[in-house]
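The two complexes that follow have subunit A in common; it is paired with subunit B in the first and with subunit C in the second.
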Partner chain A sequence: MEKTLKKGRPDIAMSSFSFLFAEMLNYFHSRASSSDELEGRLQAAGERLGLKVLELMTYREKANRKDTLESFLSFISNNVWRMLFGRPADGLQRIPADNSYMILESVPITNRYIEAGQLNPATFITGIIIGMLRAAGFNNPVETHVWKKDESTNETTNVYLVKSK
Partner chain B sequence: MSYSFVIVSKNDSPIFEYVLNGDASESGHLNQFIIHAALDCVDEAQASTTQWFLRCVDRFNDKSIFAYITAGLTRFMLLAEPTSSTSIKSEDAIRSFFLDINECYLRHVMNPFYVEGQAISSDSFREKVANVARKYLL
Partner chain C sequence: MSRERNLAKIAESTFSKLDKVHSEIFTMTYGAIVTTLVEDLDNVDEVNAQLDKMGHNIGERLVDELLAKTGLNPQPDMRYVMEIVTRVGFRIYLGITPTLSNWNADSTTVTLSFRDSALSDWVELPHTLDDLSYFQLVCGVIRGALEMLGMKVKCTITADKLKGAQTTDILVELQEVMQAKFYN
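Our next item is the complex of A and B:
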């Protein structure tokens, strides 16, 4: 039996995703000795998804090849985000000082029930971004940061920082 | 017509090979060599377009090499060699061939056990490629 590759109704219950993600975290947690190692494993798990997501999206959207980092990231933060999370990312900004880019997201799906403290579960999503960049030949390093939007309200947003090479 | 079709991974290693109507013993190695040489032309061709289908990227005597590149920088290379009785297929037929191959490849890549750059040894994939090749190239 072959499933269609075309767009359908891809919605999956939040509870199913959270269950699987929590199991994955548990699995990695029991095998990692530090939170750095745990984040590394989470990231590696995301990286393996990158190529698959990129090939699938390109096929579905019949998108052209993106030859600049900016157009590629805008494809990620709009089309890919919409497929994975049901809505575009909260922003894509360029930092002119060092020519790097940030993808902003206030509440990543991975952090919905887990607070980003010592460990940021959104590293998994960072891994997906790295995987896609690598598959497309960009190879930029990506970092995850939590950024306090407003000191008084403690409102934070998650930043995927795509550094220039 | 005889054809050699090769899938080349992002790091330039062949991960799948299929020969249609060809005599592998006689010209097989030469064809592999020509396809390998054409990879340089693919690099040039992809710089000048944002299409995935790169058309005919190289010629060698009467052989033409067509190329298609996927989003993950995997390359599909098709070497077409005319025989006395038949002429070469149109570019449109070859484009359709590549698009259908892309779908087969995508289905294979979506397998959670498939790791990027691994050789494709699945029999059902080979069968699908054979069907697509017969549909568009004969």
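Our next item is the complex of A and C:
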């Protein structure tokens, strides 16, 4: 592998991504017979991306091999998020009751400017997390949820819930 | 001020006002799309056609945004429009500026050359995909964008870095000047 990932400033207009992402959604939509299938395909596309990201980042940051699930999720929500989205995720929390983890993100890039009806476009990002976890040898299931931040406002946040196996 | 420098300036000031992302997420999402299409579709020709179609839709939307944000409102003058495409469009939306060369005498055909791999960073094509045009999306974008500006063009990839060429080249040939779909 000759190329390494750049670590610069955001270098292209967001609409490039948004329009490309919308075309991918359209394509899946035209071929999927149910919303479950559509969601599954979107997630699978994210998984491909996740695998590739880990391949490239471990190449660049060999010293950063992560061993525990918690440290790996911290690597994802900081380093990977910065590389892909230009900033860290809004939070990483452990839920002691069942030993699961939540990565929090108020406005995922996939959900800006994109109307997708019932489908949560951030399922793509869930796929990225799943792909990375799998590539690193963790096979924890990951779910996407949308939570209200506060009952008094309608503000929501996306929750990528990484469940214990 | 020369037209080139003026367009470069418009590109910078427009870019500074737009929401931005890292090109990595774009490049990698595109990679995931190509891989998905290769698995889904029966043959490489269908993949190329699908990429071209997606690009066409994207091009229509991008030119709409580009004209709205820059205030440019070009006549269907191939030379000027191709300068806008390279110096403003590609600069803002792919972070690169391809070069224009080999204009024909009546300014209806030109070659765009991409030295940077941009879209195809980290991509290696297996030999089973020799006929895949990884850059076909870009052809579609140019076609869609120019159509909105009243120019029907044919785009052909004439050299491909992924297949060993020094640059990726797209030949753009004007076929017909039509009524522009976009009015400012």
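In this text, the second predicted complex is superposed on the first by the 149 of 165 C-alpha atoms of A that agree within 3 Å, B and C clash if a C-alpha of one lies under 4 Å from a C-alpha of the other, contacts with A are read in each partner's own complex, and residues count from 1 in each chain.
We take it that contacts are C-beta pairs under 8 Å (C-beta built on N, C-alpha and C of every residue); 3 or more make two chains touch, one makes a residue touch a chain.
Please read all numbers here as calculations on a predicted model, not as lab measurements.
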Touched partner set for A:D67, first subunit B, second subunit C, both or neither: first
Partner chain in contact with A:A45 - subunit B first, subunit C second, else both or neither: second
Which superposed partner A:P96 touches (first subunit B, second subunit C, both, neither): neither
Which of subunit B and subunit C A:Y27 touches, first, second, both or neither: second
Between subunit B and subunit C, more extensive residue contact with subunit A: C
Which superposed partner A:L56 touches (first subunit B, second subunit C, both, neither): both
Partner chain in contact with A:A135 - subunit B first, subunit C second, else both or neither: first
Touching partner for A:S15 - first (subunit B), second (subunit C), both, neither: second
Residues of subunit A that lie at the interface with subunit B and also at the interface with subunit C: 5, 48, 52, 56
Interface residues, subunit C side, partner subunit A - complex: 15, 18-26, 28-33, 35-37, 40, 50, 54, 57-58, 61-62, 65, 92-95, 117, 121-122
Complex interface listing, subunit B residues touching subunit A: 10, 46, 49-52, 69-73, 102-103, 105-107, 109-110, 115-116
Complex contacts: residues of subunit A adjacent to subunit C: 1, 3, 5-6, 8-17, 19-21, 23-24, 26-27, 31, 41, 44-46, 48-49, 52-53, 56, 83-86, 109, 112
Subunit A to subunit B touching residues, read off their complex: 2, 5, 48, 51-52, 54-59, 63-67, 135-137
